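Got some structures for you, see below.
Both of the next two complexes hold subunit A, though its partner changes from subunit B to subunit C.
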Partner chain A sequence: MERARFWTRRVIWLLTAAALIVPMLVRIRLPMFPSSPARKLYRAVEAIPPDKIMVISTSWEPGTYGENGLQTEALIRHAFESNKRFAIFGWIYPPGPELGQNIAEGLAKRYHKRYGVDWVNWGYRPGYADMIRGWAKDIRAIVSTDAYGTPIGMLPVMKGVHTADDIGLMVEITPTDSIGTLVQFVYGVHRTPLGYAPTGVMAAEAYALLDSGQVVGLLRGLVGAAEYEDLLRHRGEAYRRMIPQSFAHALIILLVILGNVLYLLGRRQGEETPTEVQGEQRAGD
Partner chain B sequence: MLHDLAVWLSHQDGVVWLGAVSTLAIYSILYRENPVFRFFEHIFVGVATGYGVQLIVTQVLGPMWWEPMVRRGAWYWIFALLAASLFYFVYSRRLVWMSRLIIGVFMGLTAGNGLVGFVTLVGPQVAASIKPVVVVSAGVPRPDVNHLLFMITLITVMFYFYFSISHAGRRAGAVARVGRWLVMVTFGSIFGLTVMGRMSLLIDRLSFLLFDWLHLRPPG
Partner chain C sequence: MIVGIVKPSASVVLTLAAILFGLLGVYLIGGRLRPTAGRPVRHVAAVLIAVVVGHLVLIGISRYLKQLFRPIAPPLGITTQEYTVSRALARRLHLSQRKGLEITWMSEGGSAAAGGLIPTDVVLGLDGHPTGGPGDISRLLRREGVGVGSLISIRLLRGEQMAEARVRVRRADVLAVYRYHLLLLVALLASMIAWVLAFALLNRLPAGAKKRLVVAATFVAGVFYSTEYFLPAQSRLVWWRAHHTNPLSEWLGPWGTAAQVIAGFTIGLGVINLVLIHGKTIGRLRRGWPNSMAFFAALVAMLVFGIWQSYLPEAAKPDHLVRVVYNYLFDGFYVALGAAVFSVLAFYIATAAYRAFRIRTAEAGFMMAAAFIVMLGQIPLGMWLTGGIDRSSLFAPLRVENISGWILAVINMAGSRAILFGVAVGALAMSLRIWLNLERGAFFDQEI
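Presenting the complex of A and B:
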């Protein structure tokens, strides 16, 4: 019995690997239906007036590139396509702005955009909530230079940008719950519109913020990035990755059904359930 | 030899090979616990810690504390060092009270922020929870199914967590049971999103292995 359990898990992992790898290598097309939260974020970016800047808050690390990186790429692509000037900013993880900058530089060549004119990298600023409170009141007091030491006032992209009131939209891209701080001190005090691009794990909790209007739009993990690509009419890496994702989900649904059927059959035949076995083992310990 | 290794690693393929071997070594835990996994796990912890320290020194302490204090005459930044040093008195039994000074300051700051934050974060969500179950559209009143579902969920789940009334009765038990089922649905939704998130990260690694390391061609 123990041996069977050992191998069952390994077989499930092999099946999962196959369900992911095969669709990554074979050309398969699946339909994509952008959700309402993604559409709302798209419209919020479109609605940023020319005299205001968009802030892309890259509060993520390399570990969540598979979700947050692709969300960042979709948002920067939209900013470049719609000629919205933007600032990359990090206040949770130090590597975030550098990762965002790499993505922006990769896309800038294609859209003929220039650093300092069309976008700026504010770098990382420590201090969390206390820093954010001060930053929202006076951006240049906290971000006196960009990530490369250039005085922020010398960059054309910063024209007219002094406080959070000059921000048309701030999008928080993160695997953390940092959006709460921005809701409290940026939206709550200055009424600056906020967008939210969390990892899938954090997405369920974001609906309360969306429902109350504290965030204007939402990208839910990888599927959010794929939806955004679809809205941009540029089905790229996020869309490609949603195909193996869909196959893996179908496999998991099948395995859940199969597991429950085997569980019920086992109970009918009087077998001990894994929970009962674990309970007895704990009692024995 | 170390220099040669660094030169080799700086070559693009060297970095990719290192990443691929590390990824496969970490995934070897899926078969069973083994020394290769342990070795790479320790390397990962060391590299992550070193990377973090380097970032804090080069991006925070250097440009935001040391440079202004030493090169731009902002001598008062020395007080930040003195204040921060108080944290380390936690290791002294005799002088532990000094660490409590700075910890108290931070507790006060956090509590103050929390109080302001609670009002601005939770207040609008409470207000948005009161939804009309009948809406008037073009002069005609009609039930709003979404709002009705929301209100049923809100009331039954709150009742489930209200323990001053016994849930043993038939009606109270039924309402609490509906609340419990709706909580379960929420947990299922959160778990589903968690699975999606973990799969996304696995796809990212597989994409690296298949396309960056093995140079397979993604389908067009």
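Presenting the complex of A and C:
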């Protein structure tokens, strides 16, 4: 029995690897239709007036690069394409702004955009909710210099930007529920429009905020990034990664069905299935 | 003075300092200074690690100090960024180089401003030498031995025209840099002394007094933040009119800055804690000590190269060795390892899907059906399955992405909202308990 469990696990891992790797090697084209929450975020970016800045809050770490990184890329691409000035800002994870900076630098060359004029990196600021309250009231008191130590008042991109009232849209890109703090103190006090780009597992909770209008648009994990690419008419990395993800999802559905069929067969024979016991006892295995 | 100490006898000083670091490392890692019989390897390893660490840290510090106090003129009271001239313009102006440095800011009354330069000018050359990369201006000024009173010829691009400017280096620029760095050092030392004194004072307080201090600080912070939030921005009260806004709001900025400092300290405490735990693991050769060694290697490497590339102007160039090593560490190790660790989850989710998700009740059956639809609705493969249904037809709501969207936006949303309300009420109760010092258990009852 132990031997069977050992091999079952390995076969499943092998199937998962195959479901992820084979679609990367074989060119497969599948349809993609942007969802309503992604369209709303796209329209919110388009609607940012020229006298206001967009804030791209990179509250993520390398672990979620596959989702949050590609969301960041899609949003920065849109900002560059539609000539919206923007600031990269981090307040949850210290490496976030540097990761965002790397993405922006790569795209800036392509769109001939200049640092300090078209975009800026405010860097990471610790302090969570207390810091955010002060920041929303007086941005330059909290973010006195950019990530490289240049006083932000000297950068043309900061013209007319003093409080959260001067922000046309703030998009929180994160695997956490940090949007709650922004809803309370940025939207709640200043009525600054908020966008939300969480990882796939966090997206379900955001629909209540979307329905109430506290969040104007939503990108749901990798699929959100792929939808945004579709809206930008630029199917890139996110769309390409959706194909292996499609097959991995399909495999998981098949595995759930197979596991339950075996479970029902075992129950009919009046015995407790080993897979069930094993699953409960060694869920993390 | 500091230059004098570091520069002439750098290697001797560094070696002595590294030995001191080594002894400190033995104390921290081994827990005591005297050797332990039978475990010499522990001390040899500790000394070696500490000497290497000490060397690297001190080299970084000495480089920074040399940079800080180098006796040369600053780059003319301007900040610049890289700029690439378009091919067409370069051709029209017969430029041999397309790279330049665009002025993003200049100090009022600085050398560049007095010489007639303006922000957005692109500096193409200094005294006949081309400038195109970060740190080029500083490097050229240093190489040419430019000091106060020197006259420099600057070739620049203004709009779409070439121009020439002659700039005399002013004393104000030189003094401003020295003054800034000296003030920075004084401020750092003063704040360190102040913090040490404050901590010493707090440490001398009896346990009960410490607790009362924390309780009082929590209460005051709670009063401030809740009052500021609920008081209206505009009011008819007479004393309010002078401000035309909630007067407490003006304190949000300073409080926010204080919050940053406190949060910064917590990060520092976390690092110290990790160093102590892993140091002890190595010192006592506990199980998994090679992992602790990897922790120290990663910590030191990121620390040294991170600080180095931040403070070394030349390191802003993408091909500079320090920059290359830092990028390799950040992108090649940190980013790649982080993503790899997270991606392993996919394999565990697959096995869990097979073994853990059992339909024992009707509710579980509904949940599984909803999960399948939502999963299919989010992937191109699912969209392809119902792709045959025309998106404008009467049956369009039956497309899998539309059913998935409906489940998320209606059924899921109602459930999420109910949970959010519950969480909010719980958070409110918890906040009140902490604010009023009613919370008991865990660390609330511990002696501090």
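By our rule, the second predicted complex is superposed on the first by the 273 of 285 C-alpha atoms of A that agree within 3 Å, B and C clash if a C-alpha of one lies under 4 Å from a C-alpha of the other, contacts with A are read in each partner's own complex, and residues count from 1 in each chain.
The rule we apply is simple: a residue touches a chain if its C-beta (ideal position, glycine included) is under 8 Å from a C-beta of that chain, and two chains touch if they have at least 3 such contacts.
Given the structure is predicted, the values throughout are model-derived calculations rather than measurements.
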After lining both complexes up on subunit A, report clash or fit for subunit B versus subunit C. clash
With the two structures laid over each other on chain A, which partner does A:32 touch: subunit B (first), subunit C (second), both, or neither? second
According to the stated criteria, A:131 is in contact with first (subunit B), second (subunit C), both, or neither; which is it? second
In the superposed arrangement, which partner chain does A:50 touch: subunit B (first), subunit C (second), both, or neither? neither
Mind working out whether A:241 is in touch with subunit B, subunit C, both or neither, as first, second, both or neither? first
Comparison of subunit B and subunit C by subunit A residues contacted: C
With both complexes superposed on chain A, which partner does A:155 reach: first (subunit B), second (subunit C), both or neither? second
Figure out whether A:213 sits in contact with subunit B (first) or subunit C (second), or with both, or with neither. first
I'd like to know which partner A:24 touches here: subunit B for first, subunit C for second, both or neither. first
Touching A:181 in the superposition: subunit B (first), subunit C (second), both, neither? first
Is A:106 contacted by the first partner subunit B, the second partner subunit C, both or neither? neither
Now that the structures are stacked on chain A, which of 1-9, 91-99, 127-135 or 163-171 shows subunit B clashing with subunit C? 91-99
In subunit A, both subunit B and subunit C touch residues 13, 17, 20, 63-66, 94-95, 125-126, 130, 133, 189, 200, 203-204, 208, 211, 220-221, 223, 245, 248-249, 252
Given the complex with subunit A, which residues does subunit C contribute to the contact? 79, 81, 83, 102, 104-105, 119, 225, 229, 249, 252-260, 262-264, 266-267, 330-331, 334-339, 341-343, 346-359, 368, 372, 375-376, 378-384, 387, 391, 401, 405, 408-409, 412-413, 416-417, 419-420
For the complex, which residues does subunit A have touching subunit C? 8-9, 12-13, 15-17, 20, 30-33, 35-36, 61-66, 94-95, 98-99, 102, 114-117, 125-128, 130-138, 141-142, 150-151, 154-156, 189, 200, 203-205, 207-208, 210-211, 220-221, 223, 226, 242-243, 245-253, 255-256, 258-260, 263, 275-276, 278-280, 283-285
Can you check the complex and tell me which residues of subunit A touch subunit B? 10, 13, 17, 20-21, 24-28, 63-67, 94-95, 123-126, 129-130, 133, 149, 180-181, 183-185, 187-189, 199-201, 203-204, 208-209, 211-214, 220-223, 240-241, 244-245, 248-249, 252
What does subunit B use to touch subunit A in their complex? 30-31, 51-52, 55-56, 59-60, 63-64, 109, 113, 116-117, 119-121, 124-125, 127-128, 186, 189-190, 193-207, 210, 216, 218-220
